[in-house]
Amino acid sequence: MANHQREIEVSGHIVDSMILAKVFDAVMDMGGEFEVLEIDVGRRKKDKSHARLMVSAKTQAKLERILEAIYRYGATSKEINDAKTRPAPRDMVMPADFYSTTNNKTQVRVGGAWVDVANPMMDKCIVLKGRRATCVPIRNVRRGDRIVVGESGVQITPLERPREGVNVFEFMGNSSSSERPTRHIARHIAADILEIKKRRGKIVLVGGPAIVHTGAADSVAYLVRAGLIDAVLAGNALAVHDIEYATMGTSLGMNVRDGTLAVRGHRNHMDAINSVFAAGSFARMVASKKLKRGIVYECVKKGVPLVLASSIRDDGPLPGVITDVMEAQRQYRKALEGADMVLMVSTMLHSIATGNMLPANVKVVVIDINQPTVTKLMDRGTWQALGIVTDVGAFLPLVAGEIKRIR
Amino acid sequence: MANHQREIEVSGHIVDSMILAKVFDAVMDMGGEFEVLEIDVGRRKKDKSHARLMVSAKTQAKLERILEAIYRYGATSKEINDAKTRPAPRDMVMPADFYSTTNNKTQVRVGGAWVDVANPMMDKCIVLKGRRATCVPIRNVRRGDRIVVGESGVQITPLERPREGVNVFEFMGNSSSSERPTRHIARHIAADILEIKKRRGKIVLVGGPAIVHTGAADSVAYLVRAGLIDAVLAGNALAVHDIEYATMGTSLGMNVRDGTLAVRGHRNHMDAINSVFAAGSFARMVASKKLKRGIVYECVKKGVPLVLASSIRDDGPLPGVITDVMEAQRQYRKALEGADMVLMVSTMLHSIATGNMLPANVKVVVIDINQPTVTKLMDRGTWQALGIVTDVGAFLPLVAGEIKRIR
Amino acid sequence: MANHQREIEVSGHIVDSMILAKVFDAVMDMGGEFEVLEIDVGRRKKDKSHARLMVSAKTQAKLERILEAIYRYGATSKEINDAKTRPAPRDMVMPADFYSTTNNKTQVRVGGAWVDVANPMMDKCIVLKGRRATCVPIRNVRRGDRIVVGESGVQITPLERPREGVNVFEFMGNSSSSERPTRHIARHIAADILEIKKRRGKIVLVGGPAIVHTGAADSVAYLVRAGLIDAVLAGNALAVHDIEYATMGTSLGMNVRDGTLAVRGHRNHMDAINSVFAAGSFARMVASKKLKRGIVYECVKKGVPLVLASSIRDDGPLPGVITDVMEAQRQYRKALEGADMVLMVSTMLHSIATGNMLPANVKVVVIDINQPTVTKLMDRGTWQALGIVTDVGAFLPLVAGEIKRIR
Amino acid sequence: MANHQREIEVSGHIVDSMILAKVFDAVMDMGGEFEVLEIDVGRRKKDKSHARLMVSAKTQAKLERILEAIYRYGATSKEINDAKTRPAPRDMVMPADFYSTTNNKTQVRVGGAWVDVANPMMDKCIVLKGRRATCVPIRNVRRGDRIVVGESGVQITPLERPREGVNVFEFMGNSSSSERPTRHIARHIAADILEIKKRRGKIVLVGGPAIVHTGAADSVAYLVRAGLIDAVLAGNALAVHDIEYATMGTSLGMNVRDGTLAVRGHRNHMDAINSVFAAGSFARMVASKKLKRGIVYECVKKGVPLVLASSIRDDGPLPGVITDVMEAQRQYRKALEGADMVLMVSTMLHSIATGNMLPANVKVVVIDINQPTVTKLMDRGTWQALGIVTDVGAFLPLVAGEIKRIR
């Protein structure tokens, strides 16, 4: 009955990375059948495994859908054709059958050879220019662009579970919990940061205003000053809070040193905003010595890119905050290029934005006091991520303290 | 010792609205003293009370700060002067001592008379043009604008606790809880909506994509179709989810009718986005019958403003989504003008944005499954607000069902 | 080097249930090595797979530990010996090397044959009496009991992922989320309940007082009256709230019909307790018509076991509430014997207690508004579980309504 | 019309403690009316205020209910009679109209004089023996006990908001938040603890097993060793985790020093339990040097009462854990007598139990990572409480570190 069939292959750490199991599942869940033609499991832990399966389904359409699903897990067809393309009918419009990307390493078959897709991100399309393949967001599609359609001629290398090593990602697995030994996690994060910087890696911090409000701004400022952070991605609020704290010692009118409410403190938030408008820019505020400490200050001094994306809830927003969302996305993407590690601290909005732009192999640490926020970010991420449900105001100083101790 | 003093007055429901207590507190907390010169408490519940106090402090500066604080609770000085103004030194720069607004009813003294400030919002400044006073965001300040400075000549009428009545706000108080009889709250919300529309009031819904994902999109679409919603404020995601659901039955690839994962469902999200780009706009998609149901559809059909503000995490965003944040704020503000009730459903970002724009007397209902989100919104709000920690997918259908039953 | 080795086998759905992957992982994580001697993967979805591995380690002690770990995943040694036992040295004391149980189906080798262990539960020991093997809690251990020690001669059959079917567990997987189509999940739960009762299965409800407070008591009372619930496990508070609601219409003084506070309502809680003490028992209160509705009433009328375990925060507690915790555990265990499905609603304490007593193959539905509670229960459970983050006051009426509609 | 009336008085800090406002509210909410006959507001902050009101209602029954409500806020009638009593009809049964207590300071009128009620707790009754009045739980009521009924002759002194001072309770107010400067709160808690111990006050810690799991056990052990904790109230789990950690370095099999999973760690939990059964008691385990560190160890060494209440989810429970809930309540109550401060850390169950036993004037600090838990405890408490949403594993070491620094 099931007379439409195709031979496919999978290889790599397909057993312990669950890839083979997922392929079996997908075929069965979608009403297909499979025969294992050959399976060669690595005899020792460093060996790769390899399997050949015959997948079959009752109709050709069904078979196509099954293949599409399992190609996403890294399966490849024995009969490989070049990727097919169709021209974009108009600016910002993709052909109906466009290939929708994942953030895994992706290759397309062009002229009989596999070509890497540059800059893999989630939910984009692939544009071919000659033999160059690029991952492109829909708003950047131009009429006539050759867009990959269908699933054949596209090959994915899913993230394999790391096997051995010393960093915190490996002993924790892809999970989150509020019941972990906090200080020891902080120690591991500190060690990881130093190890990455030692080999000249790139670390990006994405942060929200709770960093300032909970009293962790000094720790972040230290990380920037120490040259451990290569870019800070945030929104308007982080900068406003940081400048209020740096110039007046308060965060939304609360004295951060002791938690009391400052006299006339309700004005401080708007005062901070006004002081930046009066200076004209962060750089001039620093130059004129009106801003002498804090996260913004250290970024200016150190030349660390501080990319601030505006959102609709912003007061102000400050000069320098990017009010066009498309432009903000471009600058975030640029700042994230080549990142080895991203620390996402107390901001759902900017963390999701960042996550959408990251390839699967970047290490991500999500830190927030609210468990559903951590869970939501971990669920979306298809990266190698570690979720920590903790109090930012206690945790970041532990990380910073540990780094000071080691260096 | 405390020889700097000023006589002030408070009147209204100052005892049961806690206003008198707050004034006493503020004076004492800031190191001042007071004498009660006269107090006249309303003898029956509808009577207003009135009190005269002599406030004193050791220095004039201290006294000024105390006065500033208590003026914010509605106290007024016996010696009233006109409000002082200073010109804005540059575009987008306020004079240093600018008066920072609340969202309460606010009046300024101009030429010996009290003038209402138009459009009261939190954390803005007041610009005088002749005898007209307007609440203005910092980015709209133009060089030379006459901006109110200091606190004298400004008078606030704080929101008084409602006393009697039938609506849900009055029996609940300003609080939130997950331990309330859910169906009965739904019934009250339904009655409130109908009562407001009966007297031709304006109701605005602010919503996030969880509305679609939890299966409540049909209920919201019904409310729009029934003419009960006067504007929908949201982001890109609500519209994308709604269109995916309306055209393919899925939300992020999950079949909303039964929670199963759709075959090839991972593409549906991007497919929905592409379909709107292909049509060119929501209106054309409706006109060409490619979109035949859902929240976006009903808004288009009914001519209900659907204001979509982009944020940095957006995929697409869809045509019609406002990518400039400043413009989005303008359009939100316009849609909110004259609103009597705002329903904030499952979106922290757009709810905070909306809250920043609302005068204190608008009724706000905050609905979310995550208690910290509800708590955070309630803490920010100085409006008359009701927080409901519930499952949107179960709650909105209860509200819609109740409305269908009553009408 | 690694010259200590043992040949082991695994069979069943070892690829798609991840069992093989877990075995590989465990060996490698613990510093051992393996060779795949033979692997025979089922060619079609109903076929079982089978693998033979040679596991090796540097020391015999290391090897033993590795074997112990992988036996827990269902691996078995080719060389099978009878289980070893040692006598308990004293009452309530196990020999040092006691075998600590899981809640999976467990067998021990006695006289060359495999014997099922009765009543498998987590974290207990196994006592052999002749050829009978029983899972026994530490407090029930008697001096001289023959207690299984070490890991050899013990075999586990881990829960295999269900493959095909119609019930809600299969389309959901082992997960929890607040972003699901609520009404459709309610529909599935309703269908599952009816299907289980149709085949004369046993359903147990574990519940907390939020059932009453959120207005879902009538729905639970209906489920009991309809004969769909075979036992109710709870604490003192559920019963007190239920009786307060049944006799006075309030829950902690709040009128459940409309959420208002009852006059003198603060006394109602203690009044409810006093009324049961005055009657002497639930049964007499029903007999004397002082209790005419509610969950307790329906349990009494229907003869459904209502097992109430006291805890230290109890007011009263009511007559009939078991104040000795050991006795309460015994009665919970008895009520749970043979259960096919357990609904855990809004109570962390009693749900964890119940979970500790359940074999792995029981279907468990966890319902709570607080995501961390659901996450915590799901993390502990090694059963087949479905977590639903929802508002009980809206969800249970949906389930009850659906059941009424179908029957 | 409203011709049933009574003259009442209120005095104290009735304006700034909101007492007068609550009285006005109650009268109006319950359909009564009032006239202010006289009001004398303190002219300076240390002066007390005084008011006389005539309260009226349409029926005598309505008036009685209103009076009952406002007496609870501290109002007193001008016509004072002795408290009425009725004998308990049977053991554990109160007369129908029993007076239900609050945890405020309470006095009853006996023979024309006011007598303090010993040991005020929530939701109990008052038993008179001669001129002695005691707060008694329902299970301790004996047939014939003279139980106070109705509301007349009972007078309450509500907790007044503290006015001035240096401790953390005063700058924070009765609230909770995750957005506070964490380290500074830790510093204040540390100072508060030291200040209380300096004046020979009593501090009780109520704690859950997350203390061990998050790595804060050493900090708590330090506080006990340093003589700063006068009693530890907990359940079985805290002790089991503590002993597992003290003897094997793990918590539920996870190495607390680095978060890795211990080899064979799944047995450690049951091993710890078995080791205490084998020793016979905590004391013998310490004496035989099998237990050499940790919270339990320090309590034994220091003679600090460690009261462990069993609950139905317990494994074991350990010898010494009280399995009868009534006995556990008695011992908790005894340990709490005369407490000046109670730290409630990561346990909802034992914290609620403790809260039910505390008079209103005890300082309570609630520490938990889950905001709804903190909110729930704060909502129940009518004590002077501070809620801190933080990560226990980071916060307690900060408190302990600060104390070490200061001493």
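For this structure, a couple of remarks:
Labels A, B, C and D are assigned to the chains in the order they are written; within every chain, residues are numbered from 1.
Assume a contact is a pair of C-beta atoms (placed from the backbone, for glycine too) under 8 Å apart; a residue touches a chain by one contact, two chains touch by 3 or more.
The structure presented is a predicted model; accordingly, all values stated were derived computationally and were not measured.
Common neighbours of chain B and chain D under the contact rule above are A, C. In terms of the distance between Cα centroids, chain C is separated most widely from B. Annotation: 45 Å between the Cα-based centres of chain B and chain C. Look at where the CA atoms of chain A average out and do the same for chain C: the two points lie 37 Å apart. Computed from the mean C-alpha positions, the centre of chain C lies at a distance of 33 Å from the centre of chain D. Of all residues in chain B, those that touch two or more other chains are 178, 370-372.
Of all the residues in chain A, the ones that touch chain D in their complex are 171-172, 178-186, 188, 210, 213-216, 251, 254, 256-260, 369-371, 389-395, 397-398. Interface of chain A with chain C (complex): residues 15-18, 20-21, 24-25, 28, 33-36, 39, 41-45, 163-164, 177-178, 371-372, 375, 379.
For chain C in complex with chain D, the residues that touch the partner chain are 30, 65, 68-69, 72, 89-90, 92-94, 96, 98, 100, 123, 125, 138-139, 235, 263-264, 266-267, 269-270, 273-274, 277-278, 309-317, 319, 323-326, 328-329, 332, 348-350, 352-353, 356, 370, 372.
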